[in-house]
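In what follows, chain A forms one complex with chain B and a second complex with chain C.
Let's turn to the complex of A and B:
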């Protein structure tokens, strides 16, 4: 008797994509994630849905995969995507011969591009540097990693898929060089859990080597740290890429009311090395200035960093470890039976967010083949969530228009239960987070979810604390909601301090201008007015 | 020609202006904003003076204990509504209901009486923003374990129309309402009814006086400081009424700001608010003129002396870019620590000690030099270097002492 046919390790985009695909094909599956869903690389990137144009010269396979997936995701994941379009801009610094190669590469990968006259470009994007030579439009878009991951998880759940967050895999069970089960620890209460299964899918991203090692398999993942900056304004209306060999700090991606600039690229030893540094922030500003002059005058609300897991088989690309960008961004499915003689486990490594669905499809095809399941993949056709029009109408009636749409995008069909609560109790329609327009009812719902364990989990699901105030006001306002569920949270002061320290990690590298002023206000509130750094009264 | 111009109209700038005016000087205060008092809790913290006066370069060490003490006494003389005694701090409640220490406290905020209470009623003004009665109640139950804590909801008809239109009611809105004629009458009725109910329910209370010894009312969203009408209403209540400090914006801070402005004007001071300094002119070691932009055109003011009270990073006195930091008005040299931050957000943050280094008479020093850069410019308040109000809880002390000193020696 087995518990699940498949156990997936890793709750990033790839893992939840696999969970959904398996569940849609009727294969029983459980996903284990050591933190919260999307807490890793799947949310720590610039949120660019690639058109593939960035890889047109150096990596034609990635380029083709990207454009195909780009078109599919715009269809199946529309609420998670803002179809901004994108430009590639050539500055006077950039090599013209590269531009010619790039145009050819795009044509080969079937990426539609067209040149935008400079006069039109400056009209549409007035902040663009006057040093621009040529501008091309591509079908890039902005994608919200949190939303996409959660939409996949919810869809999987509807098809019977299961996931457990804050569960860390500690070892595997074997029978005759076949993996037959997974032993995991519940990090919240320390309990151990043994799950028997037929196949383990290693989709642990930057942690994939560690998971493979439990099966006695060696697998090399290069940890490529990328730091990004979040600006407080929508600096551009569309994605802006530099038209040159891909490099540091050359992509601006607008999201709602902010813009993300990234990224740096640096090989690090461990996926845990994801703290942004002041030097990296300054480097990004300096490079970004070539596209947007006087960039340093715009308010940066925070810096953040993710670790891209790049895959390299030992024989590939000599010297690749020195420069992360040289390693292929395409993915690899590693059949450990063929490769290492260990059955019952498959690893999916490399790749990028834009191709998560394709990666999931390939893995699920492989698993289906092993299990003798002939159900075809439908993830390229079936939308992640369908929110009925009646819900949209109800939301617009009960909430300010922008807040209504934002909430539906975040929650999908779950928005309905939040709206019902607001209908019962109109006071709960008030905004708890004024920066990101999150209502009291929404935070209450998320706070009471079974898989919400920390204030940071609420943040990832609702964007609470991710706006201009970076939690100074809304963290305080979320307090009574945590209070109601106090069995579930640490003492309130501890939870608050933990949350503001996490926010601080991304603020201290960009501590200047208006954000530094905001920081002083936050310190005044928490250290002086609330006296959280002083327990004399207790 | 003015005797003195103060640039910056927050706590320390206004104290300096008031002290100098009192001594017969013709004073002008030019202020770009409205200071930071509304963001503060309205109480004055002096911190551990004994320790801080020994800390190298701390403003307390520079000015000396006598000056710090003079700052405290002067403030109390100006505003008898504030209680406090040297090195004898009092308790006030944080917005979450924890008692905390403070040195100068508007009378109504003093929470000392709660220690003896057996019955505490927590007023819950209906729909008040950023106020969590359940959380506060639980906190009070832990801290005042001998007392029975009860929540008493209070609804105000005047806010019905706000509530129905979805407008949020802040503590400031409530505090201003109670100060209105209608609000004061309503407050009197509410408290009268409440004390009657409490007298009935509390067994063995034979007189109001006895009741007052064991019962107390906590009243958030009320700030009676500087209002004779409200003080009159509260005096008639047989029970002690304890106010709470507020999450920003704070009524106590706002009312103190108003009182400071009023005091300054009453002494003949001139106040220009909403006016930023565009340029400052110097001759040798003396500053003589400031040019401000007022109503769209440049206006020039000259004075014998200048006091810079523009605040620190939050107030706008210091502007920090990705590569450098500048003093906003005169371009004075700044002390900037090499390492800026520390991973514990609420721990020591070295950047917070950024500021202008001064001599014991608060004159700015030339970079890397112990000589004053100008003879007739003085620095007060948050713009001073080498102190952190949030780490050492000494914001009120440094502002009052430096403001008083600058006004005194002008």
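Let's turn to the complex of A and C:
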């Protein structure tokens, strides 16, 4: 008697994509995630839905995969995607021979590009440097990692899929070199859990080698740290890429109310090494200046870093594996039975956020084959969620337009219950987080959600604390709502300190100008008025 | 008046302290208005994303600019809100106004044409406007509150008098209120300046543009400003000061005209003076005629919002205190509520009255307790609104100089 046919380890885009695909094909599955869904690499990136053009010259397979998936995701995940379009801009510094190669590469990968006259470019993007030589439009877009991951999880749940967050895998059970179960610890209460299954899918991203090691299998994942900057406002209306050999700091992505610039690329020892540094921030600004002059005068609200899990064995550039950018961005499905003689476990490594669905499809095909399930994949056709028009209308009636649309995009069908609460109690329609327009009712709903255990979980689901003030005002406003679910967030002072410190992690590398003034105000509120350093409340 | 804003100085400078919203007169009385921070810098980040705010919210802003005075970061919040209104108006979506309100705003924005029309036969205009049936009709047809204190019309201001020829010259910008509703005050300003040895030049100026802007006619407002600048340019180049007696015209000349791409824009800001600011500088230089007769009067003073925004303090209070016998106290009781034509609108009238309530009460109390007899304030709109709200006579401070000089 087994608990689930499949256990998936890792709640990033790939993991939830697999959970959804399996569930849609009627295969019982449980996903285990050590933190909150999308707390890792799946939310620590540009938020760029690649058109593939970035890989057109060096990595044609990735390029083709990206453009195909780009078009599919725009269709099935529209609420998670802002179809901004993108430009590749060649500055006077950039090599023209690369441009010719790039145009050919795009044609080969079937990425539609067209040249934009400079006069039109400056009209549409007035902040663009006057040192631009050529501009090409590509079908890039902005994608929200948090929303996409949660939309997949919710869709999977509707198909009977299960997931448990804050559950860390500690070991596997074996029978005759076959993995037959997973032992995991509930990090919130320390309880151990044993789940028997037929197949384990290792989709742990940057943590994949650690998971593989539980099966006695070695798996090399390169941890490539990338630091990014979040600007206070939308500087561009579309994705802006430098038209040159992919390098550091050469992509701007307008994301909701902010703009993200990145990234750096540095090999690190562990996925936990994701603290952004001031030098990295300065470096990004200096490179970004070549596309947007006087960039340093624009306010940076925080820096953040993610760790790309790159798979070394895929590298077709001999001897270049140490350089993160030289490793192919295609993915690999590792059948450990063929590779290492261990049955019942498969690893999915490498790849990109943009290709998460394709990766999930390949894994699910493999699993289905093993389990003898012949149901075809439908994730390329079936939309993740569809919110009825009546909900949109109701939201626009009860909330300011910006807040209404944003909430529906974030919560999908759950928006309805928030609106019902606002209808009952109009005071709850007030904005708790004013920078990102998150209502009291929305925070209350998410706080009471069974998948929410920390303020940071609320942040990932709502954008609370992610705007200009970086939590200065919304954090203390959210506390009374946490108090209602007292048992879950105890001790509440610790929750407050944790959240403020998480915000500080991203603020301190960019502590200058207006953000420094903001931080002084924040410090006055928490260190002085609330005496946070003295009232630890243990 | 060119509303293209600098997003570094504005959007990025806001640290979300909410001081503007805490002191916003409209937000204090109207729960439907989320305040200047919300519809200004907060919403602007969403507007850059292409998501528009509810236009009704934007229209609650009365353009009093208290937020800009309050902001510790120097964010031009009102300009941001007006800019959003302008873009909302230009966009294909409805600006949320009914046809009636659109027509009403078209009319209210045109203080100059109304003035020209009203001064053709002022007594007839005033008689018609005082018929209550007429006001009921105007409310129903135009959306102008039947209770609002519409100012009466007088013979249009035509500069007259001795036509002093002097090598000391100033340009006077009377503004529509003085020109069409209160020519005597405009005449008094001229007399006071002439008494101090100045030749007063009054070109045939157009409306400064503020009413047009406040009612959503931004490009017309800019056109007016450019026409006025063209009229002033030769004088500005010659270094002549431009004197205003209306604090809103003065603010526009000082803060918005310099942003226009037009000849003279580089001078206008620093060469514009509020009348009393100018006279006070004369006093400081020892050039003001101070042969004052005693004027035994005790006055309550209200500082108009757009005077506060000019950041020059209250020069009229300082100057009137030089006159023997004058007692004057600054009530400091907030906005009068009218904000140009805001309080005339039927859907805004009650808000305006609520905003001004602390001021009216302070005025009535001061008079009842015998602390002062009558009110004075520079702004014509504040004058009619304070009279309307408190029943106490309110005049421009220049009238006490006229009495002191015995002109």
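Please note the rule applied: the second predicted complex is superposed on the first by the 527 of 538 C-alpha atoms of A that agree within 3 Å, B and C clash if a C-alpha of one lies under 4 Å from a C-alpha of the other, contacts with A are read in each partner's own complex, and residues count from 1 in each chain.
Note that in this section contacts are C-beta pairs under 8 Å (C-beta built on N, C-alpha and C of every residue); 3 or more make two chains touch, one makes a residue touch a chain.
Fair warning: this is a prediction, and the values are worked out from it, not measured in the lab.
Of the two partner chains, chain B is the only one that A:285 touches; chain C does not reach it.
Once chain A of one complex is fitted onto chain A of the other, the partner contacts of A:405 are limited to chain C, with no touch recorded for chain B.
Looking at the shared chain after the overlay, A:355 reaches neither chain B nor chain C. When both complexes are overlaid on chain A, the residue A:368 reaches neither chain B nor chain C. Judged by the touch definition given at the top, the superposed model places A:152 against neither chain B nor chain C. Of the two partner chains placed by the overlay, only chain B lies in contact with A:492; chain C stays clear of it. In the superposition on chain A, the chain among chain B and chain C reaching more residues of chain A is B. After overlaying the two complexes on the shared chain, residue contacts for A:330 are found with neither chain B nor chain C.
Shared-chain residue A:234: touches chain C; no touch with chain B.
With both structures placed on the common chain, the touch criterion links A:264 to neither chain B nor chain C.
Residues 513, 517, 521 of chain A are contacted both by chain B in one complex and by chain C in the other. On the chain B side of its complex with chain A, the touching residues are 39-41, 45, 91, 94-96, 98-101, 127, 130, 132, 134-135, 138, 143, 166, 168, 245, 247-248, 250, 312-314, 316, 319-323, 340-341, 343-347, 349, 351-352, 389-391, 393, 395.
Looking at the complex, you find that chain C touches chain A at residues 7-8, 11-18, 34, 37-38, 41-46, 48-54, 57, 73.
Across the complex, chain C is touched by residues 232-234, 237, 254, 256-258, 297-299, 400-402, 405-406, 431, 434-435, 437, 467-469, 472-473, 513-514, 517-518, 521 of chain A. On the side of chain A, the complex with chain B involves touching residues 281-282, 285, 296, 426-427, 429-430, 476-477, 479-480, 483-484, 492, 497, 500-501, 503-505, 508, 511-513, 516-517, 520-534, 536-538.
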